[in-house]
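What follows is chain A paired twice: with chain B in the first complex and chain C in the second.
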Partner chain A sequence: MKFDTVIIGGGLAGLVAGISLQREGRGTAIVSTGQNALHFFSGTFESLTEAPQRMTDLFGEAGIRLHYRPGVRLMPMGTFRESALSLEDVDLFPSPEFARKVLIVNFMGYHDFFSSFLAEGLEKQGMQCRIRLINLPEMDKLEQSPSEMRSVQIARTMDRIWEKVVQEVRVLLKDEDAVLLPQVFGLQDTAVPGRIRQGIPARVVFAGTLPPSVPGIRTQMLLKRRYEVLGGTYLMGDEALNAHVHEGVVHSIVTKNLDNHYLEADHFILASGGFFSKGLRSNPFNITEPVFGLDVEYNQDRNAWYDKAFSADQPYMQYGVKTDETLHGLSDGKPFKNLYAIGSILGGTRPELGSGAGLAVRSAFAAADVILSEAKNLE
Partner chain B sequence: MKLQEYTVSKHNFEECMKCTVCTAYCPVLQVNPLYPGPKQAGPDGERLRLKDPYFFNYALKYCLNCKRCEVACPSGVNVADLIQAARIKYDHSKPKLRDTILASTDFMGTVARPVAPIVNGVTKLGITKSAMDALLRIDRQRTFPSYSPRSFESWLKRRDKEQAVFQEQVAYFHGCYVNYNYPQLGKDLVKVLNALGVGVQLLEKEKCCGIAMITNGMSEQASKNARHNMAALRKAVVDKGLRVVTTSSSCTLTMREEYPNLLGVDNADVKDSLLMATRFIFEKLEKGATLKFKAGFHKKIAYHVPCHMEKMGWGVFSEKLLRMIPGVEFTLLDSACCGIAGTYGFKKENYAASQAIGAALFDQIKTVNPDVVACDCETCKWQIEMSTGYTVMNPISILAEAIEIE
Partner chain C sequence: MNPNEFDVIIIGGGITGAGTQRDCAMRGLRTLLVERSDIATGATGRNHGLLHSGARYAVNDAESARECIKENMILRRIAAHCIDETDGLFITLPEDDLGYQQTFVEACQAAGINAEIIDPELAKRLEPSVNPELIGAVKVPDGSVDPFRLCAANMLDAKLHGGQVRLYTEVTGIIREGDTVKGIHTRSRQTGEEADYYAPVIVNACGVWGQSIAEMAGVKVSMYPAKGALLIFAHRVNNVVINRCRKPSNADILVPGDTVCIIGTTSTRIPIEECYNVAVTPDEVTLLITEGAKLAPSLSSTRILRAYAGVRPLVSADNDPTGRNISRGIVCLDHEERDGLKGFVTITGGKLMTYRLMAEMATDVVCRKLGVDKPCETATTPLPGSEERSYEAVAQKIWEAPSTAQKAAASRMGTSASRIRGNNPYDDALICECEEVSVGEINSAIDRLEVSTLTDLRRRTRIGMGTCQGEFCACRAASLLAKAHGCVEKEREDLAHFLNERWKGNFPIGWGDTLREAEYTQWVYKHVLGL
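Coming up: the complex of A and B.
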């Protein structure tokens, strides 16, 4: 099967690149082993200090509204982090003290939301907190099985019964000027967070839970749907195994599901993520990129890969594949002519593109631009 | 150190990094509080079961074996295989009469077909449905697929001379459904393949692929069928050098994946030659073969990728073929389980869950309002037709309708 561009990896980077290309009439396919880091995405693009118009447009067309306001966001454990751009339902405050008094509401039996850590953190900032649990009969069913009391399962129920939460919170609310709720709203019905905010006479803040991330999965679903509506071919659950390369030009890739049916294209984008997604692999001796065997930037001394202090910045997080300035992947120092690496497979090696989700989006745009600057061969 | 690096655990279960992604995509977990979910039932439970079989949980029977957890898992853990393998290994309870009946598609077909008009009439009767509901716990709200008075095999056998004329030949694994319930699909395939200059032959006696036996606790019978079918497939593939095409995504997945992974029946020498017909046809067209389409054909089609097609990753071939037909207005439905999962939804205890799982898909179909829903699976067809009222057609039948025969 032949495409203009074949993208390996269907996370944030792969989807943004795919949508950008489809929008300009390029026929693309995305191959992705499984789901991706968006399932852990908190909803803020910390490394972006502005809101690029083409990014807000692309997300907007997919039905995802972004919110730009330089300041700080509340972390799941009650600390704050600087941030300027987020999904609409993730609040950004000019300063950490966003209220006088805060009512923190959780669901009975839900352990993936850290109300007391949150209260402690907010109290440090001078805010008074009160924690209350609510118990809805619709959730009894979920409580029967601990594995069901997870963000996504609750969110599915909440899409239907969010109005009851509003009623309960209104009853609990005294003189608080803010209400903190777990981020379990608007999985399928994106209007729900907004309706909850309208329904409660105080500032409503949605705070992060343990994964899976509800705003992250929603973002994944909406971007994927947009990509498919534009005619993109998303091959979920398939894995790129290796490539046919001739004189620095990639001709096709071999995938697990399509075996001897190769995916051919004029351009290839490698968006296969970091260690977590197996875009990079490590063993006790070295770190490799398994599909094309791209050069990887890492310290040869294995003991230097990690810091024993668990919460320290880990050096291995910086490791990534090597590219030239226009993101062409390198092999033995020489660039492939039609292969681009984007997203977290770049590691921290391209600081000018930001980190995390910001890196994924900016590098995706950059690679799409290079491809679009070249003539289209395929109708 | 090397040992750890090169050891692959069974069904990849040690690759699980506990990320919980699979739990977000399990259709059963959304509707059945008794089901522990893919992570608990799969890799987490496996660690315990390996310590002590006591930890085997009978609630694993609620798993649909839809494989959506595997498609979602970023680490390549074969979650559903772990669950089905555990059921085969630890669940020694005897299958109920009802489950045996539902799983014996082959046997039932042979018995019912000669008396098809009677059986069809009888299974449609309210009183039969009540009896089946009460005695066998087969839900009365289900519509039973009807049996065809003449089998596909006998239809094709009578045409073996005209098929032998074609220079290029393929063998067709038709499966129970085409043989006993819906020979028209097989006839449609023959029409399309003949138009491409390909003659169709039967395998030397195929048996039910065994999928329903695996999920109904009859793995021994399933292995027997697997060994029988492998011998038949080898005759076609190895001895005659033929490729074998199919029109059912579940039979195909079972023979390609479940035989080696769950039943321990090796298929390495034939696997690559066993293809969905849509893939076979797409590849022929890609290499330059042509089909002539009717002028003025128009159809609004919504394509549902069945779970097992999604797992094989071959929905793209059916999609591209349908999009190729001039006059087709195409919508790809969101990837979701319809809830029937073979015999699962026929059981009274699963009926409500089965319908709840499919609800989102049914709603989307109603919103799209197509002329016809396309789908490569026969049980999805029953489920979607019963639940939405829309007609469901295999992509091959749509193709057969759209082409012009000179």
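Coming up: the complex of A and C.
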């Protein structure tokens, strides 16, 4: 199978690169193992201090409205963090004191939403809080299984019964000017968070839960749908194993599922993530990139990989593959002509691109631009 | 009666102290136990969790071997819910001397240990993970024991017999009048509050730290701390304990325990000042993996969960200034006889396996001093939770059709699991998915087992001990603790402390899947949850 570009990794970086290329008429394929960092996406694009128009456009076309309002967001454990750009249902406030009195509503038996931590955090900012639990008969089935009360399972039910939640909250609401709900709405039906806001006569704020992140999974689904509508080939549940390379040019890759076929392309983008996503691999002696064997920036002394304090910045999290200025991956110091590394596999090695979701989006645009301009030059 | 007066004060909340308090309380004494940290934080909680058959000591130390097999049989009866009756194998590999096997089996039989030579092929069927190159195998009655559970059950029984417990309470001095010990000065490490407690007898049961308590009392006990490093693997690779049939050496015991298995240990003499903060070195990790893979080859490709180390409380025998004559046996010192100091007893040395015997010996001395004539009953009276031997029978009695989570709870709590059954259906919700610990079990531990922190909760329920090392259960359980203690702010700090403590055992083995999980956990807490 031959494509213009083959992208390894179907998370935020891979999808943004894929959509950008498909929009310009390039035929691409994405090889995705199925798990990626969008599953624990916080809903804000840290390290992006302004929303590039092309990003707003790209997300908008996929049905994802971004919300640009520099300020602070409420974190799931009741702290606040600065941010500028977020998904529509993730609020950014000019200051932490977003209300006078807050009603915090959780579901009975749901332990992945931290009402008491949220209340303490809000009270520190001078807001009064009241915590109430609701119990809906439609959730009985989930409650009976000890491990079903998790964000995505609840969100599936909520797509059907969100109106009941609105009714319950309306009964509970006294003189509070804000209501805090767990972020378990709008998994499939993206209109739900907005409808809940319309139905409750107070400011409704959705606060994050333990992963999986419902807005993250929704983002992943919408971007993937958009990519496929544009004609992209998303190979779900497959994994790139190794590559055929000749004189600094990648010709094709071998994947787990397509055992007798190669994926050939003019360009390759490596967006396979950090350690957790298996973009980087480690053993007691070294850190490697398994598909192309790209050079990795890391300390040879394993004891230097870690800080002994859990909460400190961990050196290993900064490690990533080496690239040249235009994101071409390096092998033995020499750049591949048609291979680009984007997203968290870059680690902190390209600080000018930011970190996390910001790094994913910026580097994806940058790689797509290089590919498009190179192709133009050839024409 | 002054509420600060007791018949006996026990210093040290390890298994020896908890066992001694239980024995004293069962003999009708008014007891107080003080511990500077939580239960089982010293050597008690930092070993293999091996229910020794005694076979390991049979050749070189017949007395220890006899003590072990006797206590082994007693613990199966009185502490059934803390014990997994796995059996054990002593395997001979091609590089070992098969001739040793005969010496070994004879020594075992002489000590009363049922050691049976079996065909290596049978050994492979009994334990499929064993090194298939083995040339000899002996089956012995080893098992595994959860030391945290055992310690908590002893403390709970002491409390049920009227005993009092002060955790996180440090002894700052011993009150002496002339040649008689009268009591202790203490300070709470949580509130800073100071208090004095009085009793005619004080038992020093502090393991290696017993040296400094003895110093406070003005007598000398010389400890020779020996560090042992261990690794926990993320799967229960073996179901039968695997030992090497040779002279005891490094990393030659692999013990299955709950959902994991543990390889150890090393032995390095360390200065007493280092005992509070022992760390595992990269060389020790390499040695443990290499030697461990000889027992069960699949260990070399199994994810390592944690590295940790403990300190054995070895004692230098009296009148041996060189320290060469170090005893691994039980040392019970009546300081009145030894040093002319009345009312002070030290119980140390020994092993997790022989804690009950140590407690009996110490309690006998206490009773003699107090003129109490009541026999010891700890060898026949089951600990709370162990009234039934089979946890499956227990689960069946409580729940008609127990789920795997309910069976797991019964295996941890024994008959006490009946306490978690259904005041409301929400009690079944799982907080820790790796170890299947429910809301009900956590609340029951908070109610009955003196829980201040998440780490305390971990020792009593196993939350955070499984594959994910507390990734998700830590913040769920923190919510429950915050509710129980009514303080969110303190719980925030506690959660940070818990995660730091888990990380301490992860980074020495931070590569491969361990690093993947760590990256995920650090990302979630820092960037997603905003702790």
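By our rule, the second predicted complex is superposed on the first by the 375 of 379 C-alpha atoms of A that agree within 3 Å, B and C clash if a C-alpha of one lies under 4 Å from a C-alpha of the other, contacts with A are read in each partner's own complex, and residues count from 1 in each chain.
We adopt the following convention: a contact is a pair of C-beta atoms (placed from the backbone, for glycine too) under 8 Å apart; a residue touches a chain by one contact, two chains touch by 3 or more.
Just so we're clear, the structure is a prediction, and the values are computed from it rather than from any experiment.
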item: First, second, both or neither for A:Glu120, with chain B first and chain C second; value: second
item: Touching partner for A:Pro284 - first (chain B), second (chain C), both, neither; value: both
item: First, second, both or neither for A:Pro211, with chain B first and chain C second; value: both
item: Chain B versus chain C as contact partner of A:Asn36, first or second or both or neither; value: first
item: Chain B versus chain C as contact partner of A:Thr28, first or second or both or neither; value: neither
item: Contacts of A:Tyr306 with chain B and chain C, given as first, second, both or neither; value: second
item: Which of chain B and chain C A:His111 touches, first, second, both or neither; value: second
item: Partner chain in contact with A:Ser83 - chain B first, chain C second, else both or neither; value: neither
item: Chain A positions touched by chain B in one structure and by chain C in the second; value: 40, 144, 147, 211, 276, 278, 283-284
item: Chain A partner contacts - residues on chain C that touch it in the complex; value: 282, 285-286, 403, 405, 425-426, 428-431, 433, 438-439, 472, 475-476, 478-480, 482-483, 488-489, 491-492, 496, 499-500, 502-504, 507, 510-512, 515-517, 519-520, 522-531
item: Residues of chain A that touch chain C when the two form their complex; value: 37, 40, 42, 46, 75-81, 108-109, 111-112, 114-117, 119-120, 143-144, 146-147, 149, 208, 210-211, 213, 274-276, 278, 281-284, 302-303, 305-306, 308-311, 314, 316-317, 356
item: Interface residues, chain B side, partner chain A - complex; value: 1, 5, 17, 19-21, 23-25, 29-30, 33-37, 39-40, 70-76, 272, 279, 283, 286, 310-314, 316, 319-320, 332, 334-335, 360
item: Sites on chain A touched by chain B in the complex; value: 1, 29, 33-36, 39-40, 141-142, 144-145, 147-148, 150, 152-153, 156, 188, 211-212, 217, 225, 228, 233, 235-239, 255-261, 276-278, 283-284
